[in-house]
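Note sheet for the following structure.
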Amino acid sequence: MNFLEVKGLSRSFGGLRAVQEVSFSVEKNAIKAIIGPNGAGKTTLFNLISGALPPASGQVFISGSPIHGLPPHRIARRGISRTFQNIKLFSRMSVLENVMIGRHIRSRAGFLAAMLRLPRTKAEEREIRETSMDILSLLGIGDLADQEATSLPFGKQRVVEFARALATEPDLILLDEPAAGLNIHETAHISEMIMKIRRRGITVLVIEHDMSLVMNISDEIVVLSSGKKIAEGAPAAIQKNGEVIRVYLGEGDA
Amino acid sequence: MLKIRNLNAGYGKLRVLKGVSLHVAPGEIVTIIGGNGSGKSTLLRTVAGIVRAQEGEIMLGGRDISADEPETIVSAGCSLVPEGRLIFNTMTVRENLSLGAYPRLRGDRKTDLQAELEVIFAMFPRLREREYQLGGTLSGGEQQMLAIGRALMARPRLIMLDEPSMGLAPIIVKNIFEEIRKLRGAGNTILLVEQNARAALRIADRGYVIETGQMVLEGTSEELLNNNDVQRAYLGKEYRSIGE
Amino acid sequence: MPFEQLLQYIFSGITSGSIYAIVAIGFNIIYNTTGIINFAQGEFLMLGGMTAISLHSFMPLPLAILAAVIITSAVGALIDFIFIRRLKSPSVLNMVIVTIGLSIMIREIALHVWDEKVRSLPYFTGSEVTSINIMGAYISPQVLWVLGVSGVIVAFLGVFFRFTLTGRSMRACASNITAARLCGINTKNMVTISFMLSAAIGALAGCVISPITQTQYDCGTSLAIKGFTVAILGGLGNSTGAVIGGIIIGLLEAMSISIMPLAYKDAISIAILLIILFARPSGLLGKREAAGLKEF
Amino acid sequence: MSFKKILVVFVCLAFLAVAVSCKKKSGETIKIGAIFAVTGPASFLGAPEAKTAQMIIDEINSSGGVDGKSLELIIKDSTGSPEKAISFAKQLIEENKVFAIIGPSTSGETMKIKAICEDGKTILLSCAAAEDIVNPVAKYVFKTPQKDSYAAEKIFEVMKKKGITTIGVVASNDGFGLAGKKQLETIAPKFGITILIGEVYDKKATDLTGVLTKLKANNVQAVVNWSIVPAQSIVPKNMKQLNMNVPLFQSHGFGNIKYAREAGAAGEGIIFPCGRLLIVDTLPDNHPQKAVLAKYKKNYEGKYGEDVSTFGGHAYDAVMILVEAIKKAGADKEKVRDAIESLKGFAGTGGIFNFSVQDHNGLAIDSFDMLTVKGGKFVKYEDK
Amino acid sequence: MRPSVYIPVAVLTACIIAFQIIVSALNREFYLTQLTMSAYYSLVILGLTVLMGYAGQISLGHAAFFAMGGYTTAVLTTYNLAGAAGNPLVKLVVGLGLDTVSTNAYGAQTQHLSPWVSLVVAVCLTAAVAFLIGIPILKLKGHYLAMATLGFGIIVYRIVLGTRMFGEADGISDLPAFRLAGGLAVGGDPGLRVQNYYIAAFLLVAGVILLTNLIDSRPGRALRSIHGSEEAANAMGVNTARYKLSVFVLSAVFACIAGVFLTHFNGGIGPSEAEVMKSVSYVAIVAVGGMANLWGALVMGVVLNYLSLRGYFGSYDEFVFGCILIVIMLFMPEGLLIKENFRILADTAVRIVNKCRAGKQE
C-alpha cells in the first residue's frame, strides 16, 4: 500500500478546469516532484490534497484512510503539513512564535488553562518553545528567533515557513515552490534541507520550477499540463519524454 | 527609449529590486528572464509606476519617470500588459478596449474611437467576434489578446508584457508570440518578461537575466541561448543533454 | 386583508424602501471605487436637506435644491481631499473608523450650525393635505416625487456608468484598480468623483424626502444604518441589488406592521437580513468572491 | 514625520492639561446643577431647557441674586443617556456640592438618579413627565411638568363630548410616549372608550403610513399620538396622505409651535391638552399666569430668536420654584426642601403649583387647557 | 514565562493605589466614581481588543453583550421574591438560600435573588447567545461580518427598548447593591466608593493579566495566526472556526461581566447601553488604542470614557470624540500608545531638557 494515494482528483473554477482526473501515489519516505508550466494546476492540486479546497470529485488516501473532504485542520492532524508558494507567514508574530504555531496540533492547552497559566500549561509551553527553538537551530536560523517574521528577507522567510511546517512533526510535507525567488546558494541550501527532512522519515511532495533542484532530489516526477497529468516517472524517464519536452520546455524544437 | 539606472524598489520593508540597470533601444524586443520571485514582474510594475521606486532613475525618452503616477507614465507612452492579464471582467470587450484609449479620449474628445478599434480588431479578429461579450467570459488566450489590445489602444511607444504565456496552452502561446513578433514589425518597442525563456529569447533581440533582484547577465539572445548557466537554470539544458 | 389595505401597505413599503435604496446606492458608489463603506453617507442626506432648507428662505425651491446638491458634493470632494487621500495604504478598518469619525463630526457641526430643531422643505407639488387615490389606496404626491427621483437616479447612474467615459473608468476602478491605473486612469480622481457623486445623490435624496420625513441634525445615522443594511442585503457594490434590497426591506417592514407590534419592526427586518446572509454570505446579488476579498 | 512629532507631543500635553486642570470658583454663590439632554436624541427637550435655565439664572444674577447671593448654574449635557446622568448626578452632588439639581429631561434618566439624590439629600426638580418620578414620593424629588393622567383625562373628556368610543393610540418609544400610553390604557375604561390598537414607534421614525394604515383598517374614530418627538408632525401629514379623516389628538408634548408649523395644513384641527404658555396672548389680563407667561415668552424669544416651547417652561418652573423657596427659607437645603413642599399658589408656566407632602408635582388637572391648531396658530379648543 | 509582562501590571497596580491615596489625601475621592465606571467600560474594550486586534474579527454589536449582562442582573435582582412567595420556583430559590434581603432607597426591605446567582445566569446566558449566533455570524467576512454583528446589536437594542420586562425606554432602576463577601459590595453608596474603585480596578487588572496570558499562549498564538493568514493557520491544524467562536464568546463574557458590575454600581441601566453608537465607540476606542495593543486599549478606554463621563467637553463631547478618531487614524493608524510615539515623546523631552540646560549655561 502506498503512503499517499491520489485518485481521480478534479476541480474547476467557473469554466476553467484547473485539475482534471489526476491520480498518482507516493511511497513512504520518497520525494516526489510535481512540475508543469504556470497555470497547470499544481497549486490547486496541493490545495485539494491539504483540504484548503474541497475536491469536486476524486479521493485522497493517507496510509489507506480517506482524507478528502476533511477540513484542512483535520488533515493537518493526520500528519500533512505544507508551505505556500507566496509565503504565508503570520504577520505581527516573531519567527519563534510562527514556528510555535506549528506545535499547535502537538499540544493541547485551552483558553482557560492558558489564561490562568496553570503549571501544566507552563510546562507544555516550555516544551513548545524548546522544540521550536531546536527546529530553528536545526535549520540554521536560531539567531533570528525574536525577529518579526514578515520583515525578514525572502530567503529567510522560506526557511521559517519550512521550520513551521516541520514543527507539526508531519509524515508528509507539501512544499510549494520552495526555491522560488532564491538565488543559487539559497536554492542549494533548500535542497540540502529537503534531503535532511527526508532523512527524518518524512515523505515529501514538492512543486518546483528549478529543474536542477527537481532532477537532483526527486525520486519520481509527475508532470501536469492544463490540469491533466501528462507523465509520471523517474527523472531520467521524464527527461526523455517527448510530450513533456514539447509542453513544458518550449515549442518542441528538440 | 528606456534607460534604467541603479533601481531599487519593493513592497514596504521588503526590497525586491537591488540596483537594477537596463536599457531598451527603439524598435527592439528585449526580454528579461529569471525564476519565480526573482523580481522581474516587480521591475515592470515599477517602471509602470504601480510599485514605487525607492532609489535610482527610470528614463523614458529622456525624462525621469521614477516618481510619476501610473497615469502619467501611460500618457508618456509606456504601457504595461500586466501578469494575469487583469482585464475588466464585468465590462464588454469593446469597453475594455476603449478604456485603453482613456488618456487620449480625455485629452481629445474627437478621437476616432471606431477607427482605433478597427486597427485592433484587424490585429486580433477574434476580438471583433466577441466585441459585446463580457471580458470575464473570454478564454485565456482571448483575454491575453484583449489585454494586449487594450494596452495598444494607448498608442504606446514602449509596450511591456508580463508573462503573456502564463496559463495558456502551447498552441495559443505560439500564437501570442507570433503576435508579439508582428508588433515589433509594426514599429513597436517591446520589453518582455517571460518564464518561458526559450520562447522569449527566440523572438527577442537582447535579453537580461535577473536573479533575486539583481541583473546577473546581459547579452544578445544568441549569447544567452548558448550560455551554460542560462541553459542549466532556465532552459533545462543539463538534462536535455542527458536525454539527447 | 382587503385589496386597498394591502395596496396601502405596499405603497408604504415602497416609499421607505426607495429611500433606503437611494442611501444604499450612495454607499455602493464609494464602495466600488475605494472598497470602503462610507459611514458618513447618511450625513450627506442631512446636509443636503438642511442646506436646501436654509437656502430656500431666500431663493426658489428648485434653485435651493440645486445649490444644496452642489454644496454637498463639494463637501464630498473636500472630505476626499482632506481625509481620504491622506490615508496611506489604509486597512479597511482604518477607513471605516475615519468615516465614522467624519459622520460624528459632520453631525455635531450641523448641530452647532443649525441647532436641534426639525425642519422640512415644502411639498414640491400640492401640500401636506393633498392625497392621490390609486385603486382605493392613497398616496401623497411627494411619495411620487421620491419614487420618481429614485427612478431617475437609478436610470441616470445606469447611463452614466455605461455610456460616459468617466462612468466607465469608475467601473474599471471597481473591476480592477491596478488595471485601471495601467490604462492611465487617475484612480485618485475617480475616488474624488465617487465621493462627489454619492454626496450629490445623497443631497438630492435628502431634499426629496425632507417634506415627508423632515430633517434634523442627527437624522443621518439611522438612515445610514438602514442604507448599509440594504446595501449588504443586495450585495455590496451592486446597484440593482440595492434597489431590490431596499424594496424588500421596505415591504417587509410594512407587512410586519400589519401583523406584529411596530416596536419590533427593525428587529424583524434585520433578523430576516441575518437569515439571508447566513444562507448567502455575499448578499442577494453580490459576487461570492467579493465577500471574501475585502478583509478588515 | 515632524508633524507627527508635534501631534504626539500636543496630544500628550492636552491630556496632561485635562488631568491637571481643576476648576475652582468660590465666593458667595449658590451652586445649582442642571442635567439636560442638550444634544442627542432628546435634544429638543434639553436644548430649550438649558437655554431657559441659563437665561433665568443670568436674569436673577443681574438683578442682584437671591438673598444677596448670586447663583451659579452648572449645566451637564447627558445626551439622554442614563449612565451619563448617573455620573453627572454623583459629580454634581459630591464634587460640586450643588444646592439642588434641575432636570434631567427624560424620565428614564430621572428614575436612575432619583435614589442618588435621595441618598445625597439633594433637591431634584425634574423636568420629565412620568408619574413614577413622584410616585412613590421621594423626600427630595420634585417634578414640574403636568401629570400624564390629567392630560389623558382631558383628552377623553373631549372625546366623550364628541361621542367617540373607539380609538387608536400611537406613541413614541421613549419614556414620555410609553408613560402616556400606559395612562391612556388605564384611564380609557373610565370614560367608556376602547383602545382598539396601541402601537409604539421609534423616536426617530420618519414614516408612519404603515401603522396608520393598520389603524385605518380598524376604523378607529379618533387617533391619539402621544410623543414629544418630531414624528408628531409626521403623524398628521401621514394621516392626510392616507385620506384618514378622523380627529387627531396629541399629548402636551405637542407644545411647540414648530411642530404645528412642520405639519402645515395637515396640522389644522389637532386637539391637544397643554399649559397656557402657547396661548398667552388670548388669556384675560387677570389670569394668574398671564404675567409670568408673557414675561417668559418675551424674554426667551427676544434672547434666542426662536419660539418658546412648553419644555423650556418646565425648566423655567423648576428654577423659579427653587428660587422662590430659597427666598423664603434662605440658603439651607433642608429648609428649602420644606419650603418647596409647602409652596402654594405659585404661578408657573405649567399652571398653579400647590405642593404638599404627598404631592411633589403640585399641579391640578386645571393646569391644562385643550388647544387646537387654527390657521397655523395654537388657539383654545372650543366644543362645537 | 516572560517577566516583562508583569512589569506593566505592577506599574498599573502601583498607579491605581497611588491615585487612590492621593485623591483620598486631597479629599477628592469623588474622582474615583467616574474612574470606576470607566474601568468597567474598559473591561468591555479589553475583551473586544482580543477579538478584533488579535483574532481580526470585528464586532459592531458588543454593547449588546454588555446590555445582556446588565439587564439580566437588573431584571433578576429587582424581582421581589416576597411578592411571589407561593411560586414553586421562588420557593426553591429561597429554600436553596439564593436570595438576599436589601433595603431600598425608600427604606423598605426587599427580598430578591442574590446578585451572585444573577451574575452566573447572565454569564451563562451571554455565553450561550454568543455561541449560538457566533456559529453562523463568524462565517462572514469583512463588511458582511460588520453588518451581521451590527444587526445583532440592533435586534438586542430593539428587544430591550420594546419589552415591558426591560422597562422599555426608562430601563430598570433601583438595583440593590451586589454584596460580594466580607463587607465588600458593588453599589452606588458614596461610602462604598473606595472599595468599588478597587473592585473595578481588580477586575480590570485581572482581565489584563488573563488576556495577556492568553495572547502569549497556545490558543493566543492560534488566534493571532488567524489574523495573519487564516489559510495558513488552518493548514497548521488550527481549527479556525472553533477558535474564532471561542474568542467571540470570551469577549462577550468580558462585556457581560462589565455590564453586571457596572449596572449594580450605577443602580440601574437604560437602553442607551445597548445602542449602536455605544458599540461603535467601543470599536473606535480599540482602534485608537492600537488594535493589537491591550495596554493601549486599556489606557484609551479609561481616559476617553473618563473624560466623557465627567462631561469634560460639554455638548462638544461627541465632536471631540470624532476628531480624536480621525486624527489618530490619519496620522497614527497604528494607534496612539505605541512604542514609536513614546520614543518620539522621550526624544523631544530629552531635547527640550538639553536645550534648557544649554540655555542656563550660557
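Read from first to last, the chains carry the letters A, B, C, D and E; within each, the first residue is number 1.
The criterion applied here is as follows: contacts are C-beta pairs under 8 Å (C-beta built on N, C-alpha and C of every residue); 3 or more make two chains touch, one makes a residue touch a chain.
Please read these numbers as outputs of a predicted model, since none were measured by experiment.
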Quiz item: Looking at the contacts, which chains touch subunit A and subunit B alike?
Solution: none
Quiz item: In terms of C-beta pairs in contact, which of A-E and B-C ranks higher?
Solution: A-E
Exercise. Farthest from subunit C by Cα centre, which chain is it? Let me know.
Key: A
Self-check item: Whole-Å gap separating subunit B and subunit D, where each centre is the average of the chain's CA atoms
Solution: 73
Quiz prompt | Rounded Å distance, subunit B centre to subunit C centre (Cα mean) | solution = 42
Exercise. Round to the nearest whole Å and give the separation of the Cα centres of subunit D and subunit E.
Key: 33
Exercise. State, to the nearest whole Å, the distance from the C-alpha centre of subunit B to the C-alpha centre of subunit E.
Key: 55
Quiz item: Which residues of subunit C are in contact with two or more other chains?
Solution: 108, 111, 261, 263, 266
Exercise. Two or more other chains in contact with one residue: find those residues in subunit E.
Key: 161-162, 315, 318
Quiz item: According to the definition of touch, which chains form touching pairs?
Solution: A-B, A-E, B-C, C-D, C-E, D-E
Practice problem: Note which residues of subunit C are touching subunit E in the complex, please. | Solution: 31, 37, 83, 86-87, 90-94, 96-98, 100-105, 107-109, 111, 221, 225, 228-229, 232, 236, 261, 263-264, 266-267, 270-271, 273-274, 277-278, 281-283, 291-296
Self-check item: subunit E to subunit A touching residues, read off their complex
Solution: 1, 210-211, 213-214, 217-222, 224-225, 227-229, 231-240, 246-247, 250, 292
Self-check item: In the complex with subunit E, residue positions of subunit A that touch it
Solution: 50-52, 71-73, 76-77, 81-82, 84, 88-93, 97, 100-105, 107-111, 114-117, 121-122, 124-126, 128, 164-165, 168
Quiz item: Which positions of subunit E touch subunit D when the two form their complex?
Solution: 28, 30-31, 33-34, 37, 104-106, 161-162, 167-171, 173-174, 188-190, 262, 266-273, 303, 307-312, 314-315, 317-318, 327, 331-332, 336, 341, 344-345, 348
Quiz item: In their shared complex, at which residues does subunit D touch subunit C?
Solution: 39-41, 43-44, 47, 170, 173, 199-202, 204, 206-207, 209-211, 213-214, 216-217, 230, 233-234, 236-237, 240-243, 258-259, 262-267, 306
